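Take a look at these structures.
Look for subunit A in each of the two complexes below; its partner is subunit B in the first and subunit C in the second.
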Partner chain A sequence: MNKLILYFVFSLIVFNVQAQNRFFTKDAKINFNSSTSVEDIVAESNQATTLIDIDKNEIAFSVLTTSFKFRRALMEEHFNENYMESVKFPKAKFNGKIISPIEWKSEKVVLVDVKGVLTMHGVSNEIILKAQIIPGKNKILAITEFKVIPEAFGISIPSAVRDKIAKEVTIKIDAAYTPYQP
Partner chain B sequence: MQLTPLINHKTLNMTKRKTVQWLLWILLIGLIAAFSAIYFAFNMPRRNLANENSVYLLSAKQLISDFRNDETIATKKYLDKAITVTGEIKSIRNLDNHSIVFSLEDAMEGVSCTIDSADIVTYASKLLHYKTGSRGTFKGRCSGMLMDIQVINCVPVQGN
Partner chain C sequence: MKINSLKSVIILGLIVLFSNQVWSQDLDSLLDKEIKPQTIYAAATFKATRIVNGHSVEQMKKKQLDFRISHRFGDINSGSYNLYGLDNGLIHFSLEYGLTDWLEVGIGRSTYQKTFDGFAKVSILRQTSGAKNMPIHLTYLFSTEYISLNTDTLMKNAYSRMSYIHQILIARKFNESLSLQLTPTVIHRNLVPTELDKNDLFAIGLGGRYKLSKRIALNVEYYYVYRPNEKAISQSIPTPVKYYNPLSIGIDIETGGHVFQIMLTNSQAMREGGFIGKTTETWSNMGIHLGFNISRVFSFTK
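Take a look at the complex of A and B:
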């Protein structure tokens, strides 16, 4: 009986430890910015899902492309129908690994390199991005900013509007992770 | 409107002048039409789900099982369509942009219905009845599945 209780307590501890290894949020903020002399196009989604595994130093991130909000409804329509083809490719994803050293217990701001694969519009490209991470016991904050070239992801932009859309689109992500309890 | 001074009177007889005048008027009207079409397209209103009829009316459980069974088929079926879903509210949370998310059937992997911040005041009295544990019905636009199935631009539907 004692053994059983011990085993039960032990398994609880193990479970608890395991649960704390993964942090996640469903409310990560992602925005992108394409600014040219002709037009500034800004869009934001507050509903990206992202997970950090602090044992494996892995990060997964995904967002539904139709959840981006633009200033104008017409921009939103063009973005989903002409460029991202959201019906065919409803998600944009990133799966990566932190390749710089990181001490998760430190609670100090660290600048890390994250190497991974970004998939959008059905095309995957390997990228390395810089992220700023603030580890914590019950909360991890992460922000990143990187640039993507639409054409690298098979997004063709008609020449008539090419000068309205930046050659490189800046993407910013801001996420506050909490322990993942499945 | 004086459009005629643009044309040299001496070289044109009356009929020619009339034709040119007509052409200029047509051109002007055409231009106004084109500009207003561009203007309205550019400033076209957002979809207001309150004015749309739902293509699908179903329980949150049904929507979840459709997506779990085959995400590709479900995405094709529901993406960007106006749908009305009903289910038990498991969690209510506020986003940084002041939108409110109601999770139906499961806080993690259920159906997340988002009410835009701009619509909260409009529906405040209805939303008061939507508490954790109660049943909620939302009409919105399905934007697909991550962990949860997301329904955005939601409006609360009465008579749940």
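Take a look at the complex of A and C:
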């Protein structure tokens, strides 16, 4: 019986140690810009949820496409209705792995490559992006900027407005992680 | 003792198995657990703030200005001499602004009886799903019209030129394609042409839109107007003008910042007092008008 309790305590410790190796935030900022000289198209969400596993060097993002706020209400409606089809595909996701070396204890800025799969509008594409990470004991900061092509995700843009929307959309992410409490 | 240790081994195995499951749970499914169910608002129940002639539950969001131009040509049955109505037409234009996300106000002017109008539109309920569930949109519309045409000798003062419209807009977006709206309406006219015409007019509107593609939708709108004195009116001499219920069929075409609506309707007036209260043509004798609404939205947010 004593042994049993011991095992139990052991497994709890294992679980706890595990938990501390994950960092989490649910208010990461994602900002995208597909402006052209004709039209300013900028939107931001500060409701992206993201997790980092510093044991496995894995990183995951998830954001509701309806959480993006635009300057123009009509643009926001078109973004959700015509382009992202948010009712059918409510989330945009990224699941990736940090493929360059990173020392999580260093607390120094590191530039890393992250390779993973970006899923939006129901279409998945493999991408490699550069990220800047500042590790820390109780806080991890990460920023990145990368470009995507809407057509690669099955988002068709009618020819009438094609010139008003940038061919490549620039996405910026800014996340401040704290230890994950399940 | 042996049995006991066997038991503990099994239990240990189970615990390890269980904790392994927690271990191996990938980040993706952990993220899914962290995302709380959201309230999803049914957006774009209609493409524009009008179904065809009458208001839809859509309205301008905060600091968005809608500049609308509407036009209805003459009767199609007016013959080739008038190029089937294209030679003449009525116009209405308006500026409509969202003071908040739930309150829109607008002013307009129509060539029909040289009418000025103003309205306030209040969104009371919005259709939602997810964390909060609300099956319908509910909106209250108050509108007032002032006829400035000065050839009508009966209209002696400003009071007699006024009419007031109250509407409750009840709509539901059933799916991505289909939305329906029910619109109970009360119109009070301070002055009516004859004794038999009622000052208070009750009507109910039925409207629907069906999306043909992402950017094109088909709209149908009908108002049933309750006229208890219809029989007496038709028997009185001289026979006063007979009024009909308005039926309109339109197509919405959306192009970026514009919504273009093109329609066929038996009503030439474009405001509630006119098209609900005073439609004088009917589909049965081809008293139909070709028309369009153009909406251009300007944003005043930073």
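Before moving on, here are some points about what is shown:
By our rule, the second predicted complex is superposed on the first by the 166 of 182 C-alpha atoms of A that agree within 3 Å, B and C clash if a C-alpha of one lies under 4 Å from a C-alpha of the other, contacts with A are read in each partner's own complex, and residues count from 1 in each chain.
Here is the rule we use: a contact is a pair of C-beta atoms (placed from the backbone, for glycine too) under 8 Å apart; a residue touches a chain by one contact, two chains touch by 3 or more.
The structure presented is a predicted model; accordingly, all values stated were derived computationally and were not measured.
When both complexes are superposed on subunit A, subunit B and subunit C occupy overlapping space and clash.
Shared-chain residue A:Lys29: touches subunit B; no touch with subunit C. By the document's definition of touching, of the two partners only subunit C reaches A:Ala160; subunit B does not.
Of the two partner chains placed around the shared chain by superposition, subunit C is the only one that A:Asn82 touches, whereas subunit B remains out of contact. Using the contact criterion defined above for the overlaid structures, shared-chain residue A:Arg72 touches subunit B and also reaches subunit C.
By the touch criterion defined above, A:Leu64 reaches both subunit B and subunit C. By the touch criterion defined above, A:Lys137 lies against neither subunit B nor subunit C after alignment on the C-alpha atoms of chain A. When the shared chain is aligned, subunit B comes close enough to touch A:Asn46, but subunit C does not. Greater residue coverage of subunit A by touch, when subunit B is weighed against subunit C, goes to C. The single stretch of subunit C with clashing C-alpha atoms against subunit B, selected from 20-28, 56-64 or 218-226, is 56-64.
In the superposition on the C-alpha atoms of chain A, the part of subunit A touched by subunit B in one complex and by subunit C in the other spans residues 26, 49, 62, 64, 66, 72-74, 77, 80, 87, 90, 182. Across the complex, subunit A meets subunit B through its residues 26-27, 29, 44, 46-49, 62-64, 66-67, 72-74, 76-77, 80, 86-87, 90-91, 182. Chain contact summary for the complex, subunit B toward subunit A: residues 41-47, 75-76, 79-80, 93, 95-97, 99, 101, 108, 112, 114, 141, 143-148, 150, 152. Touching subunit A in their complex are the following residues of subunit C: 8, 11-12, 15-16, 18-19, 22-23, 26-28, 30-32, 34-35, 38, 40, 43-44, 60-62, 64, 98, 176, 214-215, 254-257, 297, 299, 301-302. Those residues of subunit A lying in contact with subunit C across their complex are 3-4, 7-8, 11, 14-15, 18, 22, 24, 26, 49-51, 53, 58-62, 64, 66, 71-74, 77-78, 80-82, 87-88, 90, 93, 95, 158, 160-161, 164, 180, 182.
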